[in-house]
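The chains carry the letters A, B, C, D and E, assigned in the order they are written, with residues numbered from 1 in each.
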Amino acid sequence: MSETRRDAVLSVRNMSMNFGGLRALSEVDFEVRKGEVVALIGPNGAGKTTFFNCITGIYAPTEGEVLATARDGKTRRINGMRTNLVCELGMARTFQNIRLFASMTALENVMIGRHCRTREGLFGAIFRGPGTRREEQEVVDKSYRLLQKVGLENVANEYASNLPYGAQRRLEIARALATEPFLLLLDEPAAGMNPQETLELKEMVIQIRHEFDVSVLLIEHDMKMVMSLSDRIYVMEYGRVIATGTPAEVSADPEVIRAYLGEESDA
Amino acid sequence: MLELKNIDTYYGNIQALRDVNITVREGEIITLIGANGAGKTTTLMTICGVVPARNGEVLFQGKPITRLSADKIVRMGICQVPEGRLIFPDLTVRENLDMGAFLRDDKSGVDSDLEQVFTLFPILKERRRQLGGTLSGGEQQMLAISRALMARPKVLLLDEPSLGLAPLIIRQIFDIIKQINRESNTTIFLVEQNANQALKVANRGYVMENGRITLEDACDKLLANDAVKKAYLGL
Amino acid sequence: MEYFLQLFFSGLSKGSVYALIALGYTMVYGIIELINFAHGEIYMIGAFTGLIVAGLLTALGWPVLAILAIAIVVAMFYSGAYGYTVEKIAYKPLRNAPRLAPLISAIGMSIFLQNYVMLAQTPDFLPFPNLVPDFAFMQPFKSFLGTSDLFIIVASIVVMAALNLFIKFTRMGKAMRATAQNRKMALLVGVNVDHVISMTFIIGSSLAAVGGVLIASHMGQINFYIGFIAGLKAFTAAVLGGIGSIPGAMLGGLVLGWTESFATGYVSSDYEDVFAFLLLVLILIFRPAGLLGKQRAQKV
Amino acid sequence: MAAESFVKNLKKSAVAALWLSFLTMPIMVIRVDTVEKTIAWRWMHLVWMLVGSFVFALAWHFLMDRRDRGGAATDANVEPTPSRFAVWLANPRVNRPLMALGLLFATAFPFLFSVYQTNILISALIYVVLGLGLNITVGLAGLLDLGYVAFYAVGAYAYALLNHHFHLGFWAVLPVGGILGAFFGILLGFPVLRLRGDYLAIVTLGFGEIVRLVLQNWDAFSFGPSGVSNIDRPGFFGITYSVDQATTYIYYLALLGVLLAIFVSGRLKDSRVGRAWLALREDEIACQAMGIDNTKAKLLAFAMGATFAGFMGVVFAAKTTYINPASFTFMESAMILAIVVLGGMGSIPGVILGAFLLMLLPEYMRAFSQYRMLLFGATMILVMVFRPQGLIRARRKIYKVNINTVDKA
Amino acid sequence: GKKDEDKNANATASSDKIVIGVAGAHSGDLASYGLPTLNAAKLVAKDLNAKGGINGKQVVIEPMDDQCKPELATNAATKLVSEKVNLVIGHICSGATKAALPIYKDAKIIVISPSATSTELTQNGEYPNFFRTISYDLVQGKAGAEFAVSTLHVKKVAIIHDKGDYGKGFAESAKKALEDGKVAQVAMFEGVTPGGVDYSAVVQKIKNSGADCVLFGGYHPEASKIIIQMHQKGLMIPFVSDDGVKDDTFIKTAGKDAEGVYATGPQILADNAIYKKAFADHKKEFGTEPGAFFPQAYAAALALTNAVAKAGSTDFDKVAAALRSEYVETPVGKIKFDAKGDAEGASFSVYQVKSGKYELVK
C-alpha cells in the first residue's frame, strides 16, 4: 500500500499529528494521483481538516513524510514547509470555516490568489511600466474569468463579507484556482448549500478538473456528492484511515457503515 | 406564539427582507427554506433583535418585541443556534455549555440537562476540557446546538443545524429536534439547506426567495410541489 | 544582599502601584479590546476627588484613617461615574466601528480630561496630605518598606484576588468573559452586553480611584498630568502579564517594577525605561500573548 | 414624529445635563488647599456647567439621531449611499479641475499668505507625508504601530548629527534619512513578526520610547536633552537664504514631498504589493495560504512606512534648525495615528484631510488660548463618534475588466 | 510685505498699543511652568494699563502656547512675528527657546525669558535679541557645587537630574565644577524619569553609594518625591538643588520633609515690596498662589516694560540699549542686563527651607 505510484501528485507516509496529549492523526498513509478526485470522509473530529492543515504547512506534522510532485515533475518533501511556499508549489485549499478577505471585493479576493504567480515588485508598482501594466491587466482578466467560472461575475465588486454563504464558498474555490494549483484541496465545499446548489457545485468541480487539469482532494459530508464525484475515497476515524477504495467498495464496508454512514444510507 | 408582520430589514441601504410574514404556532415545527442569500439568516437575526427590522412588527406571545434588545428577547425564551458555528472560542466546551444556561437559576435542572447533552453527543463529553475554538467543525456545530438546548427555550431557532455534520449525526440531529419538540413542547423554527430532511420533520414550511416569502404550505404539500422539488430538492 | 533586598522591595512597591492601575486597565481591555488611554485620566480624577474630600474633611478635623476610607469610597464612586460616562460618550457609539476608531476617541478623551482638570483646578502641583499614618510595627523595616508602600501592596493583592474571584465565580463575571470573547454570541445567550460593558467600566474605573488616592497620598502631590505616565506604565504592565488576565496584570506590574528597580540599582536609572521596554519585547517574542495570557484559540 | 422626538431629546438632555453637572461638581466647584486648609467654592461654574451640558446634550442627541437614521453606517462593510455632493465630487470632470485648482493654490500659497501661515502649512504638509507613511503600515497592512515617531526621529537626528559633525548638506542627507528609516523599520519588524494586534502596538510603542530615551540619555552621541541647534537650512547650490526665503523654499520641498507621497502610496495601494498588504490585514492565515509571504509583506510595510518618516525627519530638522528628544514623544506617534484613523484608514484624501485638521486646528484655535487643547480633544472624540469610518472613507478600486480578452478565452 | 492679513496684524499692533507676546507651555505636561509666566505678564500689564499704559499706550498681552516643543515654538514664534508683536516674554524651556530665537532675531524682536537656562543661549553670543532674568546652568550648577563643598564640607556627592534640558544642564555644570575643584568626589551621576510614581530604587542607590550629599537638577515635583523617599528610607543627608525647586509649591508638597533643603536662586529679600505686591495680586486675581518662575517672569515683564518706557519706543536697538543700561526694581532685585543678555544685579544665593519658608543662608 505504501509503494508510491509514479503518477502520484501527493503521497503521505506514516504521518501523525499530536496536540498535546491528543493524537489527532496517527500513521496516515495517503495518496492522490494525477487527475484524480479523491474524497476524505469520516465522522466529525476524525482529523480530516487536521490532515489538510498538515499537508499545507499550517501545522508541522509530528511524524511522517509528505511528498508532493509539482507540475515540473519534481518530487519534494514538503512537511513543515511554510504555507505560502506550499501554495506556490501548487497546492491550494479552501477552508472549512470560510476565510475570505472580508473587506475586499470578490474580484480582489481572486486577484490575491494570483499573487504567487506574478512578480511585480515595489518599484514596478510605483513606476508602473508597460510590463507591470500588462501583468496587472492580465491578473484582472484572469480573475474575472475565474469568477465567471464559479458564477460570481455579477458580484465581482461586492465586498466578500456581504455575499451569501454559498457564494462565499464558491469564491474561495475561485481564489484557490487562481494560484494555478496542481492539487486543489476542498474542505467541505458543499456545506451550506442546498441539494440543487450542491449538484451545480459538483458539475463545477468536474468541469474545473478537466479545464484546469488539477487533481482534487475533497472533504465532504454530503454522501451524494462524494459518491458520485470521487474516484477513490479514504475513510478516517479517530485519526486513522479505516478504509480506502472506490465509492462502491467503501459504501459497502461494514466498518464505514458503523462509524460513519449509519444503517440505512439514504443520502 | 411567534409572528412576523410585514417585516423589512436592511443592511445599511441594502434591503435583505421585504414584507415578510411568518406565523409560528405553539408546539409547532416550521421550516424556512430558500436559496443562498435569500434572507433566511437575516430573518432569524431580525427575530432575535440582532439586526432590527426597519419596518413591521415581531410579536412573541402577542407582545411586540421588535424594538427590544437581543438579551431581553432571549430572556423571554427565544434562543438561536446561529449560522456558522458561533461559539466562544476561548472557553472550554464545558464553559460554553454553562454559558448556554446563563439565564437559568435551577442548578439541578442545568446539571441534568448537561448530562443529557453529553449523552446526546458523547464526543463533547470527551472534549469537555478542550477550548471551543480548537474543536473540529462538526464538533463546534454540535456544541452550538447543545448550548442552545441548555437554555431550555420556549422557541428554538435553528440556522442550518446540519451544516458540516456527518450523515450519522445529521440523522441524530433531526431526531433530537423531533424529540425536544415532542417532550418539552418546544416550538421550533428551522432554517435548513437540507430541505429534504427539514420538510420531513417539520409541520409547515415557508419558501423564501430574494427576501420575500413566495410559498407557504404544509410540508407534505411542499415536498410534492414541483417548483420546490426542482429548486431545492435537487431532484 | 541587603542592597538587593532593598531594591527588591522598591521594585515590589513600585510594581504594586503599576499593578493597581493595570488591573482596571486589563479589565476594560479584556472586554472591548480597547486600549483605553483615558484610564490614566480616570485614575487622576480619582486622585483629585480624593484630594477634595480630604481637604473638606481635614477642615472638619476628622481622623486620618477615616478620611482615607471616605476619600477612597467617594473617589471610587466618582471615578466609576466618570468611567461610565466616558464609555457612554466616547466608546459606546463606536461599537460597530473599525477597531481603531475608539482608540482615537480614547486619545481624544485623555487629552480632554487632562485639560478639563487643568482648567477647573490648577496646572500646578497640589500637595496631597499623607493619609496613611506610619504604623509603629513597620518601624524596624522602614528602610525597606514604608507603611504606605505596604498599604499599596496589600491593596493591590486584595483587589486582584477579589477581582479574580468576581470574574471566575459570579454571574456578572461570567457575562464579562462571554462578552469579551464574542459580543454577538453573548447577546444570543441572553447577556445584556451594554450593561456588562458599563459595569466593567465602572469597576475598572473605581479600582483606578483606589490606586489614585493611595498613590497620591504616597507621593504627596498631584497634578492633572499624573495619569498619563501612570497609564502608559499600567498599560505596559497589563500587556506584559497578558492582557485581559487579572493575575497577569499583577504579575506584569511587579515584573515591570522589579526590572526598573534592578536596572536602576545595578545599571543606571538613566536607562530604566529602556530596560523595561527591552524586557517587554523579549518576553513578547517568547510568549507572544504575555506572561499569563492565553494564546487565542486559533484553528483553521 | 419630529416634534415628539424633539421633546424626548429635550428630556434626555435635561437628564444628561443634571448628570454631567453632578459628575463635574467636585472638580469644577471645589478647590482645596490642604496645607493652608482653605476651601474655595465656585458655584458659578456649576451654573455654566448646567447650561453648557444641556446645550451640548441637545446637539449630541440631535446629531446622533441623524447618524443612526443613516442606517448601519458604522458597519465596516456597508457602503452608505454617497451624498449627492460626493457623487458630484467623484465625477472626474469635476474633480480634475478642482485638483488642478488646489495645486495651483498650493503653489501660490507662500506668495499669498504670511510666513506664519506658510510655516504652519509646512508642519501640516510634513504630517501629511507622515500620515501617508503610517497609512501604509496601519491602514493598508493593518499593523498597529504606536512608535512611528521613532523613524521620524531617526531621520531628524541623521541630518542634525551629520550636519553638525561633517557639515553634510540637506540634499546629501535626505536619502540617508530615508534609508536609515527603512533600516530601522526592518529592525523593528523582525522581533514583532509573530505578534498580533495590540501586542504589536505595545512593542512598537516601546520601540519608539527606547529610541527617544537613548537620544535623551546618550549625551556623547546625541547631545542629550539639550538637543542639536543651528542645523543648516537647506541650501541650493550653495545659496543660503534668509528665514523668510528659507521658509518658502522648505514649503516647496514639503509640497513636493507630499505630491511624491501621494503618488507613491496611491500607486502602491492598488498594486500587487498593496493588495497583499490588505490581505494580510484581513486574515493572516488565509493570506499565507494563498501564497503570500507574510514575513516579507510585513517587513516591507514597516520599511515603506518608515522610509517616509525618515525623509520627513530630515525635512523637519532642516525646518526647525533645532531638534531635541522632546519632539519625538509617544504623543506624537498618537497624533500621527489619529491623522490616519480620523482621516479614514487607507484613504489617501482622508489622510490628507486628517493631517490638515489635526495640525491646523490647534494652530487656528490659538485664539482660545488655554482652552484649545480641551477643544482639540473634544474634536477628536466628536469626529470619531460621528464619522467612525473617518472623514473620507477608503474606497476599493473598481478594476476595469478587459472584456475582449475575457471573451476570447 | 505681501501678505493679505497684514491688515489684521497691523490692527493689533497699531501704534496706540504695545503688544507683548508671551510664549511658553500653556498646555501639556509642562503647563505648570509656563502658565505662571502668563499670569505675571498679565498682572504687570494690568497695573501699567491702570496707570495709563506706557507713554500713553496700552499694553496688550498675546499668549502663545508652544508646549515646550521646538516645532511648536517655531510656529508660535512665526505667529507672533507675523502678528507684529513688539516684544516677547518667553519661551519657557531652553529647547523651545533655541528653536524660536533665530526667527525673532530675523524679525528684530526682543525676547526675554524667565526660565530658559541653557548656558549657550547667552554665552555663545549668537542672539543679541535675547535676555533673561534667570541665571544660567553654568552659574547655578557651579554655585550649588561650591556651596556643597565649601559650606557643607561634603566629600562625596550624588548628582541626580530629571533628564530634561534644565535639570541635566544644572547637573552637568555642577559635576564639572566638582571635578575641577577636586575637593569632593562625584559618587554617582544619574537621571530619574520625570513623572515617575516611585523613586525609592534610586534613593537606595544613593544610600548605597555612600554619598553624603545630593545635588539635584530639575523641578520641584521630582525633588519633593525624592526627598520624601530619602527621609522614609532614613537617608538624612543634605539636599541641594536649583531654581526649579526654589518654589513655594515644593515646600507645600514635600511638607515637613522639605525642611533643611537647600536651593540656589535669585535673591528675593523677604521684605521685597514688589514681590509681596505681585504675590498678593496673583492671589487676588487668580485665586491661587503663583507657580514656578513667577518672580523671574514678573521681573522680566517689569524690565521689558521699563525699557520700553525709557526708550520711548519699541524700536529694537533702543529697547535693547535701555535693557542694558537702565536699572529696574524687580522681585529678583534691582537689575539691568549685561552685554550678553544675562541679568546683572540680581544677587544670587543659596536658600534653605526653615520652618516652612525659604530663607537666605548666611
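One rule holds in what follows: a contact is a pair of C-beta atoms (placed from the backbone, for glycine too) under 8 Å apart; a residue touches a chain by one contact, two chains touch by 3 or more.
A quick note: this is a predicted structure, and the numbers were derived from the prediction, not measured.
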Shared interface partners, meaning chains that touch chain B and chain D: A, C
Given chain C and chain E, the chains that contact each of them: D
Chain of greatest Cα-centre distance to chain A: E
Contact-richer chain pair [A-C vs A-D]: A-D
Farthest-lying chain, centroid of Cα atoms versus that of chain D: B
Centre-most chain, if every chain is reduced to its averaged C-alpha atoms: D
Separation of chain C from chain D, taking each centre as the mean of its C-alpha atoms, in whole Å: 28
Intercentroid distance (Cα basis), chain E paired with chain D, Å: 34
Separation of chain B from chain C, taking each centre as the mean of its C-alpha atoms, in whole Å: 43
Rounded Å distance, chain B centre to chain E centre (Cα mean): 73
Per-residue multi-chain contacts in chain A, two or more chains: 49, 58, 95-97, 99, 162
Contacts with 2+ other chains: residues of chain D: 31, 35, 72, 75-76, 78, 217, 285, 370, 373
Chain C residues counted as touching two or more neighbouring chains: 115, 122, 126-128, 270, 273, 296, 298, 300
In the complex, chain C residues that touch chain D: 29, 33, 35, 37, 45, 48-49, 51-56, 58-59, 78, 81-82, 85, 89-90, 93-98, 100-105, 107-117, 119-122, 126-129, 232, 235-236, 239, 243, 270-271, 273-274, 277-278, 280-281, 284-285, 288-290, 296, 298, 300
Contact set on chain B toward chain A in their complex: 11, 14, 33, 35-38, 41, 83-85, 123, 127, 130, 134-139, 141-142, 160, 163-171, 193-196, 230-235
In the complex, chain C residues that touch chain B: 171, 174-175, 177-178, 181-182, 184-185, 187-194, 294, 296-299
Chain D contact footprint on chain A (complex, rising order): 56, 58, 82-84, 87-88, 92-93, 95, 99-105, 107-108, 111-113, 115-118, 120-122, 124-128, 132, 135-137, 139-141, 144-145, 148, 156-157, 159, 161-162, 175-176, 179
Chain E-touching residues of chain C, taken from the complex the two chains share: 3, 6-7, 9-11, 13-14, 17-18, 115, 118, 122-128, 130, 142-143, 146, 149, 215, 218-221, 223, 225-226, 228-230, 233, 257, 260-262, 264-265, 268-270, 272-273
